[in-house]
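The next part holds the structures, each set out as structure tokens.
Both of the next two complexes hold chain A, though its partner changes from chain B to chain C.
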Partner chain A sequence: MNQENEANRNPFVNGALKLYVLLAYLFVFAPILASFVFSFNSDRFPSIPLGDFSTEWYRAVAADPLVWEGLRNTLLVGVVVGVISTALGFGAAYTDYRYHFMGKQVYLALALLPPTIPVVIMGLAMLAFLSRVNLSGDALAVIIAHVVICAPFAMAVIRLRLSQMDPSLEPAAWNLGASEWAAMRHVVIPFCRPAILGALFVTMAVSFDEFAIAWFVSGLNETLPVKVLGFLQGQVSPRINAIGTFVFVTTMTLLILAQLLLGRPDATEKE
Partner chain B sequence: MTQDPTQDPLVTFDGVAKRFGSYTAVQKMDLQIHQGEFLAIMGSSGCGKTTTLRMLAGLEAPSEGVIRLSGKPINDLPSWSRDTPMVWQSLALFPFLSVIENVEFALKMRGMGRAERRARAEQWLDRMGIAEFADRNISQLSGGQRQRVALARSLVVEPQILLLDEPLSALDAALKVRMQSVLKTLQRETGITFVYVTHSQSEAFSMADRVVIMSRGKIEQIGTPQEIYRAPRTSFVADFLGSSNIFPGQLTRDGQGQPIIATPSGDFALPAGNTLGIAGQSASLTVLDTRMQIHLQPPGDARNSVAARMIGEEFVGATATIYFETEDGREIRVQKAHEDLADLSLAIGKPFHLSWSPADGHLVSE
Partner chain C sequence: MRRPVSLYGLTFSLPLLIWQLLFFVFPLVFLIALSFWTVRNFRMQADFDTVNWTTMYGRAIFWQAYGTTLALAAGAAVLTSLLAFPVAYAIAFKLSDRARRWAIMLMVIPFFTSYLVRVYSWQVFLSDAGLINVMLGWVGLGPYGLLNTPGATLLGFVTLAFPLVVLLQLFSLIFIDRTLIEAAHNMRCGRLRTVFAVVIPSARVGLVIAALFAFILSFGDFVSPIYLGGGDPTTLSILITDTTKSGQQWPRAAVIALTMIVTLMVVAFLSIRFAYRGRK
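Let's turn to the complex of A and B:
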């Protein structure tokens, strides 16, 4: 918003709009905020007025070996999925940038398709397929399933960055004596670095959060979100708030990191 | 010109053609580029000039023919194995590298050690007068400074030949003129062969030793700027340069058997010794707009003349360009100094007679 607009605006309308935005955000974030507040509340059931400040639910969660196992699975899966999906996404995006071939539209549609498939169907299909090849119930199964839904996100992020690259940049590197591999290493990847890191964080966050497919294929190697459902089915405990807060903070941190990398002034600049 | 006619050319195009699917970008082309010359390739967009340059740089493979560099065929040599650095229209500087890292790039790719390549890059930054910006980001530089970085980045490998693809097109007029003299001086001092692609006549004619004019994938004319300006070989060239009036017609002979050209605007005597071909052939007579005279009465001597009505005028600095239209609807331009126009009392719509000496005419093929 520039100065001129600011000066011409009715201060009342301006204030009302700001209030409206604030309320909209409050509505969206209220449940998460409530979960955050109650995770530090000593009462057994969420009620107002609040009881004492307490970290006992966090301590209870931390004392549960099953939670640690879930966290370990989630982190392991998240990191591996992030790296593999970003590598695949980069390859797909670069192919789109560099080459023209028959059926490219089909190639693109297929590459971007997985996130549009309802997760329940995807999870069921994955379970059917992976159990057939004896991978179901393995952490590897969760990794494979998550790579399928994460790679398109990585591709989209990196493709956007490549579209900002001067088409002469890579030929200029060849012209200066760089082989195709050297140009990839010294020009294309450095140019895409913010997007590659961004894609890494986004895909990790998606995997970290993903519940439905993991529920189908994880078997005994449950990830944290699957574990949360287990708690819910057994009992109502503020421990869920504690885990929920932890998952939310982790995911948001990854997404904010990605946003900072992708929104940096030099990331959008086109030379 | 520094070229020695006994020397073998640095680059030869031998029947080189380039097709993209059914579209022919460059038709069978023969071209020699001499050691140490400044060659400009000029034409409007889509004429094949950039494709020609890209084939030389190894960015496009010829569909036909052989390109030789210092006598060796280079058709199958990938771009990174040729020493044909190019300055790009967009400059294509690496935005994630500092100025000096950009200049070092080619040396790094050739495996030169860190200390040595830094020293070489610093030399070139110094030579281009941008040593103080070595550690800056590309985005912190002005247009002219970026231009110098791009030149340093290409010249740091000290090549035999430098290719330039409309490098000045993004600059404002004043900076353009300054960079032209930088380029010309640089070429003279280094003795490196420059091949400069442009659509701008003023750039080509002010810098180049020889100019190649292309149209629709074909070379229309090769020559020094003076040769091309005085004696365009085809009516396309004359029209493209825009400094001549063109009368298309048929070659024939008058009552006394003298060769003339019959045009819709009248019959005109031809310059001696410039009878292009046989009678009956189509040709065009071109006359430079500075060589025409304006009269109130028909000149009545041995001069060629045509009646025309004034339709407009344009003043640029000390000269004026007056536009006329002949009875058959042909537009004619005449350039004159202001003092030559004083007693003509010019007015739009007023009839005049335009004349030129037959020796100032120049015959071109269609």
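Let's turn to the complex of A and C:
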């Protein structure tokens, strides 16, 4: 792996490249870090030099009943979306792993494409459609819409795991007399368990952050990110940092859990 | 493999299919019908009238927004690709395996931080009394009006697309056949020439797909154009949110949305054809 540098070592160029990488990561993390720092800053219009250390934005957020309601909606939606998306995604990933059939390309396209459609368009389409069937303005509307964009992520994660499964494992179980259902329960699902849990957390994390479609269809049942969009419009802004930091810590916790469950991606090759 | 149609198989394959047909395909198809509906006295009614299409396409603001959106999204795709490539290249070829794993993991984190929070954070950086102008003030420059400019919109788009583009480029670079690069070096092909003559052509598919994703993300984003660009010049996504949220002009918003979908499909088709040109 490391021999490709053989004819290619110019310490100056390599140093410059590495410096550039560092700057790029700085660019990526600058807004995230700034939001963290300013969430503890007393100024209403944050800048430097920093004002005093203060938790007033956290207190302001915590005292806002609408934020709590938003958080409740977000959690409710996120958990339900996670469970449904993971179930649907598992089914699709297993279908892709096990079966060959006519129109499989179309099936896979349907299973993977939704996240590539711009969210404004999805939001409008969902709003128009769901209001025809009297579902818009409901937490259920957000759940339906979020599953559409989250299931593909669940499928991708579980598919990766299934691709590591020995293709003769399932037939071996059948030969030993297990029915397809028994093989599924005792062989396939246990093998995929880490990926299933990983998919659960990833889809929940995606749903927690999604604001655009939710904004279109949620009506008065705003989720927390929709609330943040409202703060952004309303200029009561440093609260955004407090919510942002809180959500960031929550999401990271979920992801680290997912990572621990999935294990190191390249260490699970053989099991 | 057993015969594909069985209760067992359908139990796993059908739920997703049904869900995506009902709640993904159907709503998008419904948009087509909706674009021919009419609005009378603030109420929508089923109809078959081309009035929404002629009204929207007859407006200068629509075409102006179309041009702005295309230019900004194309600019963001090119800019993000150029900025990301050295990063992906360095991660792929210059880092140890361990450092590479860390680099990838760190690049995944932004996907799970709120885009809204990051855009608000850039407002803090760019505003007239914000971080950047204060720092420029220390060396006697500025203040400059950085916020509410197309440049600020682009910054938002790059923020949105950069991590994804780096990762997609990286995955195409990692899978390049390294013997090709060694061969080039053995034949005394210089560093830069190797990049342009060997690395980029080998990774072309991935690089084009990465740029395409940057284009798609920027084309549909309404947050940066509003909160960093100040909403002026307006973009198609802003037109959709305005048309939808203020009043009942959903059919007109559907016209804009369908125009965007067709544009995206054409751009995606062309770039994928370009990516695979001369390949089998």
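As a convention for this text, the second predicted complex is superposed on the first by the 242 of 271 C-alpha atoms of A that agree within 3 Å, B and C clash if a C-alpha of one lies under 4 Å from a C-alpha of the other, contacts with A are read in each partner's own complex, and residues count from 1 in each chain.
The criterion applied here is as follows: a residue touches a chain if its C-beta (ideal position, glycine included) is under 8 Å from a C-beta of that chain, and two chains touch if they have at least 3 such contacts.
Everything quoted here is computed from the prediction, not taken from an experiment.
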item: When chain B and chain C are modelled together on chain A, clash or fit; value: fit
item: Touching partner for A:Leu176 - first (chain B), second (chain C), both, neither; value: first
item: Partner chain in contact with A:Phe129 - chain B first, chain C second, else both or neither; value: second
item: First, second, both or neither for A:Val187, with chain B first and chain C second; value: first
item: First (chain B), second (chain C), both or neither touched by A:Ala87; value: second
item: Which superposed partner A:Asp166 touches (first chain B, second chain C, both, neither); value: first
item: Chain B versus chain C as contact partner of A:Gln105, first or second or both or neither; value: neither
item: Per-residue touch tally on chain A - higher for chain B or for chain C; value: C
item: Touched partner set for A:Ile240, first chain B, second chain C, both or neither; value: second
item: Touched partner set for A:Ile144, first chain B, second chain C, both or neither; value: second
item: Where the C-alpha centre of chain A sits as vertex, the angle toward chain B and chain C in the overlay (nearest 10 degrees); value: 100
item: Per-pair minimum CA distance [chain C against chain B, superposed on A] in Å; value: 8
item: Overlap of chain C and chain B interfaces on chain A (superposed complexes); value: none
item: Contacting residues of chain A [partner chain B, same complex]; value: 166, 168-169, 171-179, 182, 186-187, 190-191, 193, 266, 269, 271
item: Chain C-touching residues of chain A, taken from the complex the two chains share; value: 1-8, 10, 13-14, 17-18, 20-21, 24-25, 27-32, 34-35, 38, 45-48, 87-92, 94-95, 98-101, 107, 110-111, 114, 116-130, 132, 144-145, 147-148, 151, 155, 180-181, 184, 205, 209, 211-212, 216, 225, 228-229, 232, 237, 240-241, 243-244, 247-248, 251-252, 255, 264
item: Contact set on chain B toward chain A in their complex; value: 57-59, 78-80, 84-86, 88-97, 105-106, 108-110, 137-139, 153-154, 157
item: Chain C residues within the chain A interface of the complex; value: 1, 4, 6, 8-9, 11-17, 19-21, 23-28, 30-31, 34, 83-84, 86-87, 89-91, 93-94, 96-97, 101, 103, 106-107, 109-110, 112-125, 127, 129-131, 134-135, 159, 162-163, 166, 178, 181-182, 185-186, 191, 194, 213, 216-217, 219-223, 227, 237, 240-241, 244, 250, 253-254, 257, 260-261, 264
